[in-house]
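Chain nomenclature is as follows: A, B, C and D, assigned in order of appearance, with residue numbering initiated at 1 for each chain independently.
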Amino acid sequence: MSSDERHPRSLDVARVRADFPILERTVNGKPLVYLDSAATSHKPTAVIDAVSDFYAHHNANAHRGLYFLGEEATEAFEGARGKVARFFNAPGPETIVFTRGTTESMNLVAQGWGRKFLKAGDEVLLTEMEHHSNIVPWQMTAQVTGCVLRYIPLTDDGVLDLTDLGSLLTERTKILSVTGMSNALGTIPPLSRLVEAAHAVGAIVAIDAAQLAPHSRVDVQALDCDLLAFSGHKMLGPTASGGLYGKAEVLDAMDPMFGGGEMIYEVYPDHSTYKEIPYKFEAGTMQIAQQVGLGAAIDYLEGLGMDAVRRHEREITSYALGRLIEAGATVFGPADPGLRGGAVSFWYRDVHPHDLATILNEEGVAIRAGHHCAQLVMRRFGTPATARASFYVYNTLEEVDVLVAALARAQDIFV
Amino acid sequence: MSSDERHPRSLDVARVRADFPILERTVNGKPLVYLDSAATSHKPTAVIDAVSDFYAHHNANAHRGLYFLGEEATEAFEGARGKVARFFNAPGPETIVFTRGTTESMNLVAQGWGRKFLKAGDEVLLTEMEHHSNIVPWQMTAQVTGCVLRYIPLTDDGVLDLTDLGSLLTERTKILSVTGMSNALGTIPPLSRLVEAAHAVGAIVAIDAAQLAPHSRVDVQALDCDLLAFSGHKMLGPTASGGLYGKAEVLDAMDPMFGGGEMIYEVYPDHSTYKEIPYKFEAGTMQIAQQVGLGAAIDYLEGLGMDAVRRHEREITSYALGRLIEAGATVFGPADPGLRGGAVSFWYRDVHPHDLATILNEEGVAIRAGHHCAQLVMRRFGTPATARASFYVYNTLEEVDVLVAALARAQDIFV
Amino acid sequence: MALDDIYKEVILDHYKSPRNKRELPGAELSCTRNNPLCGDEITVFVHQQDGRVAGVSFQGAGCSISQSSASMMTEAVQGRSLAEALSLASDFRGMMAGEVDPDEEEFGDLIALKGVVKYPIRIKCAVLAWDVLQEALQGAGEATASAPHEA
Amino acid sequence: MALDDIYKEVILDHYKSPRNKRELPGAELSCTRNNPLCGDEITVFVHQQDGRVAGVSFQGAGCSISQSSASMMTEAVQGRSLAEALSLASDFRGMMAGEVDPDEEEFGDLIALKGVVKYPIRIKCAVLAWDVLQEALQGAGEATASAPHEA
């Protein structure tokens, strides 16, 4: 943790922007206004250079070579694991399994834990605002085990409707798997309360932190969640970086999802024995350079201070909500910026999100349009798609103004 | 394909070496002699820059954004798929599934194909020289399905003993899964003959091309294999790049291994429908920058010409075999360089491979010591470990001389 | 101005006043499909008679490109033989792939969609209705399932 | 010269002429384990009497570091109480982690292995025999399985 964090302070966004080379790009001569960080974030020079530096100076396979490059590569890779563990305040590096990202991590949970421990009639509790990556893996596990999926519904405001939680979360519930922040609505659910309620009925809790981890401080021990999945590419890190935190006893009990080199202890023709955690989950050559890059991303984020990151996004989200509504947009998800993160879904008048995205692109503004891998949310709100603007450390209030001004172009053409 | 390849020519190794920044490193003031490319290859500047350039100028998630960066990222990612398809002479880009590498690909085969099509008593035919990544996934599938694993044995020369092939490969055999080149012995099996024999009994064939693909031209249509797995990081590409080639009808029939965003068509609370190949296998955010880097690696290899690559390695392997034996080493695997690739396993007198690797490291020479994720091979030859030197495009005959000279140090200390 | 390439008058006209947007009672052929990128959904109804498209209509919701393409399509295939309709579908996809130079007479209003070629991801919007038409014609009545792979 | 740090005379002596390398008939405790990196395997046999290591030996094959460490270990724990032996195992691991400054008297020849700290991957070789000893002592007879996780 950077010592700066003890003193609340705000981001020097101009300085931050200078660290992101892609922000120099222009579209039709207009500066790029990138409002799709919920899909993937951009990468600061420090991260890009960490990856290049690994390949140019320390490249080797990890945990294999008895020569100096092998030792450097192992140290860099395991060093990144230590940084991730500290970032989430995990009790130790062995509780961090590296994966390609949230999707792979949730599949590891649904397969490695779910296929082992769920049986017919057992229930998995999800929510109606889950990303497909926290739904489809469970459907696949349900096909194999006969377990049943249930969903916590949403209110019209796009927050979890916990009125009937007591009937949804019962002794039949073996796991609650819930997003830390909805990518389609921005909603941040009351995680601590959910963890407590789940533990009270003997269920474990997995958190999809794809959106939460990049944007606020996450302390897995304070949260007391059993498993937590995250994607490096959404938190300034390389694509193909990320992982799964798990309590040691939960990871210990899980089956690996992949067999192969380096996760084994002994291999015989008809059976094998596996290594201890986290290695039993890490078969074959891993995302070495990428996790090293993730380590650099974490250094960068801690340099900014996660509290400052969250404050900055709260400010910009609150500003964006106001300006969008003023401009005539319909916003989905909670209006209170304290209940949500910086992913803002909306419809601008009757302009279809696809058309809106194309028109905004001509003005240099990059937004996402679609179902955001959350078709249950789209059905809940009766729309095939929404437009979504999402913010991160490099976005400014002025960029929100450019977005709102660009909406006028759409109005000219369509309304 | 580069037009250069039509004219046999040899590598300009000095020029090649200048493309690999890591080769400038020294150990104890001595130049690095990297002889562990079978574990992972180094990366030319062109690959390192392709990754950095993606992050610095074209970064976005693929297949999602309706804005220009999203289109550039998608084009770069799908462009890489096209390059991989052409490299292997695959019939089309849809027959290439991107994965983290061979281990993930073989797990996809053992799960997506194996768990769907194998039942109790069905046989999977492997060989005694397989890498753990082509054994353990099948053991996991055997636990679920009750299928039986059988192994083609090795001769004392380290080649497949095909004497009893007729009793091993029968109508009970549903798949032959075989390495294209052993990383522990260097052996290249007679793939075309094996494919024909397997097809004759109605079995499909999966090839673990982790070692084969980097070192020689592979034409999947000429080979007529059904599936072929490869790792980008062993063929000059980034870690976390690679994939699985599959005949369209085989991929079509397979189940996905991962559920999640982007591999679906429609998601309902209790079921989902999947996209067509290759996308149904590509859940969540993929290894975008890494596969783009793999595309650059393929460009680089095609610039050299795969025939020239193979010729260069044959020359160096043949020289190394001679010099090592002359120096008193015991070499494992075939003596004929035509039957093998450039991974040379040996024992130097009675010096344990671990000790040898440590001593050679002091001389700047990086070799691998261990079981090479091939414990069945080690047991077959009654040794816990071997030393292994492996060669690639940037290695020279002089480096073999340095290796052999360094053996004298070990002799001084131990013999 | 680049945007004019894609948001031409004629496109906006078909979008705001779509032709043949209704159910077609008695249609022998129909098919529903969506664009997985955005969830837009289109159903095409065809009434065939003597190997010809005797009636055609569509329903659904979507962006201006997918809706106007569907609307123009119904006008373009009305009265044609099934083979001609399929061949037009294939030419249209060819134009979207930048491979076919459209024949003005054959294409009519459809030619306005040519500008979409410059927006690769929107191409899926433009061809959606044509994919559905083709499935409806080929499936000859049974192709009412919307999903290629049932999980 | 760095290599001398790791290949000292005393290490090579234990490697070439290992002490107590044999089976120990009548040993109540024994355990076998291998180093997954290289497949080296070590079995440790302990004959305990009145809470003391009355006899100890090892078998197996491996590199100079793992073999000499096993040989030195048998000399170092012979005659000690089980608690002392476990505490020495823990101190030895501490030295290998660079955390414990070894006491010359307690460590004896073992101090020669200190140089291995500079070769991180070889540390596993040096501690292998100690891990096996500890499991043998703790398992009190039942820890003969070599594998922590049966697949």
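Keep this in mind: contacts are C-beta pairs under 8 Å (C-beta built on N, C-alpha and C of every residue); 3 or more make two chains touch, one makes a residue touch a chain.
All values derive from a computational prediction rather than experimental measurement.
> Give, as an integer number of Å, the spacing between the C-alpha centres of chain C and chain B.
For chain B versus chain C, the centre distance works out to 45 Å.
> Just the number, please: Cα centre separation of chain A and chain C in whole Å.
37
> Mind pulling the residue numbers of chain D that touch at least two other chains?
Each of 34, 37, 119, 122, 151 in chain D touches at least two other chains.
> Chain B: which residues touch two or more other chains?
Residues 64-66, 70, 136, 139-140, 264, 266, 271-272, 354, 358, 369-370, 375 of chain B each touch two or more of the other chains.
> Which word fits the touch map of the chains here: line, ring, star, complete or other?
Looks like something else, not a line, ring, star or complete graph.
> On the basis of the stated criterion, which chains touch which? Give every pair.
A-B, A-C, A-D, B-C, B-D
> Report the residues of chain B in contact with chain C in the complex, numbered from low to high.
Residues in contact with chain C: 63-66, 70-71, 74-75, 264-266, 271-276, 280.
> Help me check something: in the complex, which residues belonging to chain B touch chain A?
Residue list for chain B touching chain A: 21-22, 25, 27, 32, 34, 36, 39-40, 42-43, 45, 47-49, 51-52, 55-61, 64-70, 100-104, 106-107, 110, 131-133, 135-140, 142, 149, 151, 231, 233, 238-240, 256-264, 266-272, 283-290, 354, 357-358, 360-361, 365-370, 373, 375-376.
> Contact residues on chain D for chain B in the complex?
2-3, 6-7, 12, 34, 37-41, 61-66, 119, 122, 125, 151
> In their complex, what parts of chain B are in touch with chain D?
Chain B residues touching chain D: 28, 136, 139-140, 143, 352-355, 358-359, 362, 369-371, 375, 378, 384-385, 409, 413-414.
> Applying the document's contact rule, which stretches of chain C touch chain B when the two form their complex?
Checking each residue of chain C against chain B gives 34, 36-37, 119-122, 146-151.
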